[in-house]
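In structure tokens below, several structures.
Each of the two complexes below includes chain A, the first together with chain B, the second together with chain C.
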Partner chain A sequence: MEWDWNFVWQIMPTLIEGVKITILATLLGSVLAAVVGLGIALGRRSPNRILARGIGFVAEFIRGTPLLVQLYFIFYVLPDIGILLSPLVAGVIGLGLHYGTYTAEVYRAGIDNVPRGQWEAAKACNLSARQTWTRVILPQAIPPMIPALANYFIAMFKETPLLSAITVLELMNQAKSVANTYYRYIEPITLVGAFFLAISLVAVVLLRWLEHRYGRVER
Partner chain B sequence: MTEPIIKIDAISKSFGNFQVLDGLSMQVMPREKLALIGPSGSGKTTILRILMTLERIDAGHIAIEGEQLYHMPKNGGLVAADERHLTKMRQKIGMVFQLFNLFPHMSVIDNVTLAPMLTKGVARAAAEKRAMELLDMVGMSEKAKAMPAQLSGGQKQRVAIARALALQPKIMLFDEVTSALDPELVEEVLNVLWKLCAETDMTMLLVTHEMGFAHDFADRVLFFDRGKIVEEGKPDEMFSNPKQERTQTFLRKIIAAGHRV
Partner chain C sequence: MTDWSGYLSLILQGAVVTVQLTVMGSALALVMAFVAGLGRLSRFAGLRWLATAYIEFFRGTSIFVQLFFAYFVLPFAGISLTPLQAGVLALGLNVGAYAAEVVRGAILSIGKEQYEACIALNLSRWQCMRRIIVPQALLVMLPTFGNNAIELLKATSVVSLISLADMTFQANIVRSQTGNTLFPFATILILYFAFAMIITFSIRALERRMARGLDGVRN
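The block that comes next holds the complex of A and B.
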């Protein structure tokens, strides 16, 4: 089997379409994971015990089952109860929910790291619970956890090929379809690896910068 | 006859099996400067924390200006206070902490303006003008734009005092405000307290190990041990001629430890 550069250039436009979808799914999934994670972290601290327990149970359940199974469920099972989602939307929801249960732990640790005195000072300043969260606790908790969050987003990026299982035309799926059409696997699959490696490397450089920028807290 | 501004009636508080306060009662008159002294674990800090609603009481009643702190009237009886009632009551009280607890992500002036703007709806310009006056009073106006991490402990504590004053409380609670400071920084904070004493008519409760300062500053000194007031009186009597043996022992120990009287 020989490497064919002509074939590489021929399939490149198709693969780049796939890269776009992969990046789009990662970005949307990251945003959703960041929001879901915060929701879970706050929910588990709710004074309402039933709510806190319920959210905790759901989070453990999602974290304890494979992402692939969840994607199948969202895309193929939910239509049975009338929820019909496009592949990309289903994929983003799957990624966001699954990684949201991981980012929730990052938020939890970040929130726990804010000293008790900050809560007490907020109370002595007579701030409401909402003001305490938005003005005092989260602004201190979030910057130091940005590198840890970014780490999960990079991990999520590398799991996006799973979306090919629910027909999302992301990079892996595009590569598979060209490969199946021309019966040549070496170029498409090698290129998939190369694309992921290149983007991951850029992301890691970005992550180092984030760690430098936000990783330290001054008190 | 004037009514007490704080009336504590038979309050109890435990942390797990440890009973910190056991049926404690005391009263504080308006404008009174009170020093609370005693060994650690004696409950003096807990009283301040209870007044600031940082800890709840297990039993008893507290009235601030004749109004219940932890209870509110309902259908002719008293029920447990809700968050709204507590918020209203907290407006009367300010607190300065041992470890300053400045908001580290905000500049000095933002630390001072935050609460008035959020809780009293004061406009930014007015809040900043008032904050500058307060920072000026504590000698920190030049550092208004600085971040807390750039300040010394004494400077942080002076900003924390300005932050508490910004809400114009009637009662100020000072919880060992100089205990975390290097010795050479204690003076600048105590000077601010003197100034407050001279220039405002706030009621002040001071938990302290600075016996010399307590002696000069307080109208009345309360000696606590094991959740009870063992002895109280004018500073002169308390420090020169304590009647209770436990007070004598405590004062002897603390002088031996190098605290001046």
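The block that comes next holds the complex of A and C.
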């Protein structure tokens, strides 16, 4: 079977529709992952032992099981207990929760890297716990972790094709549907691959710049 | 009440396929990791470029796209693979690319004095790598290899989408046959987590075993 440029132009508009959803899911998922990760990282440091342990175990569990199965769980099991989610919302929640457990480790490393003296200074200045976090610790901890966080957001971007399994019409699903309509697989699947490769290569350049700008933090 | 034991055995049949995929995929990934990781450190520019291209390509596109490419597009190029072969190929090559960077990093982390000692002892390049550098680098690689193996285990769930009857695939069958969603998905989540735990603990045991007798030698 030969590569057909006419066919490529014919399917391009459909694929671009998919690209939009892919990017939307990545952006929303990234925001959720950043928030969830911070929540988990702070929860694990809670003085309440049981809470800290519980959150630690849940995070460990989510990280040890496949995203695809979690997506199925959110999409198929939650409606049984009365929570109906649209495919895209379910997908974004899945991505955000899954990658939140990864970004939690980045936050943990970032927070651990803030020198002890800063904590002691905050205490000496009689700052409350809340003030200590928002005014002293997090502003110092977050900039060095930006490259590592960005790294996980790129990884998440590459996982978005999984959302096609729960019927989100993102790029992969659009490609599959045009492939099934015309029974030509070469062009759609190759274009999907090329698209992801292109974005990833751009992302790598962006990441190098971020690393240069903010320095590295151990992942 | 439905008889769950029959459905459970269906899921366990899928678990066997998942374990097979994980073991074979890991074996391929290990080989690729060393080939590409050492290739990037080669004296020959051609080999270095080849290895870099392989690593960037497989890290830049997602496992999902690679799997679809192997299963749907390669047949048009005259290479027909069974779902299991396509799965092992895609998983092994994908995770191998990530692990190759681990190999490279670990080898670069070995001090210069080790190479100088090799030259002083008149060892050939091959002897130096085989007897001095790699045995020391292996210990550095091991924990990250464990993480990579867990990533591979989690990625095996994606093969269910190319109709390979792994654990996730069987869970979906149970879902469509019984209409119950909680039982199949909760079961496989627990099983995946259990497999991940097994990998974690065996890597830890291996690490202790390999680090034996090195106290005081490594800092």
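What we mean here is this: the second predicted complex is superposed on the first by the 215 of 219 C-alpha atoms of A that agree within 3 Å, B and C clash if a C-alpha of one lies under 4 Å from a C-alpha of the other, contacts with A are read in each partner's own complex, and residues count from 1 in each chain.
The rule we apply is simple: contacts are C-beta pairs under 8 Å (C-beta built on N, C-alpha and C of every residue); 3 or more make two chains touch, one makes a residue touch a chain.
As the structure is a prediction and not an experimental result, all values here were calculated from the model.
In the model built by aligning both structures on chain A, chain B fits alongside chain C without clashing. When chain A is checked against chain B and against chain C, the one touching more of its residues turns out to be C.
In the superposition on chain A, contact is made by A:Pro139 with chain B only, not with chain C.
In the superposed model, A:Tyr107 lies in contact with neither chain B nor chain C.
When the two structures are aligned on the shared chain, A:Gln131 is found in touch with chain B, with no touch to chain C.
In the superposition on chain A, no contact is made by A:Tyr99 with either chain B or chain C.
In the superposed pair of complexes, A:Tyr152 makes contact with neither chain B nor chain C.
Contacts of A:Leu67 after superposition on the shared chain: chain C is touched, whereas chain B is not. Of the two partner chains placed by the overlay, only chain C lies in contact with A:Val192; chain B stays clear of it. In the composite built from the two structures, the nearest CA pair linking chain B and chain C is 26 Å apart.
Looking at chain A, you'll find no residue that touches chain B in one structure and chain C in the other. On chain A, the positions that touch chain C within their shared complex are 1, 61, 64-70, 72-73, 76-77, 80, 158-162, 165, 172, 176, 179, 185-186, 189-190, 192-193, 196-197, 200-201, 204. Across the interface of their complex, chain A is touched by residues 52-54, 83, 87, 90-91, 93-95, 97, 99, 101-105, 114-115, 118-119, 147-149, 163-164, 167 of chain B. In the complex of the two chains, the chain A residues touching chain B come out as 115, 117-118, 120-121, 123-129, 131, 135-136, 139-140, 217-219.
Contact residues on chain C toward chain A in their complex (touch as defined above): 56-57, 59-66, 68-69, 72-73, 76, 150, 153-158, 160-161, 168, 171-172, 175, 181-182, 185-186, 188-189, 192-193, 196-197.
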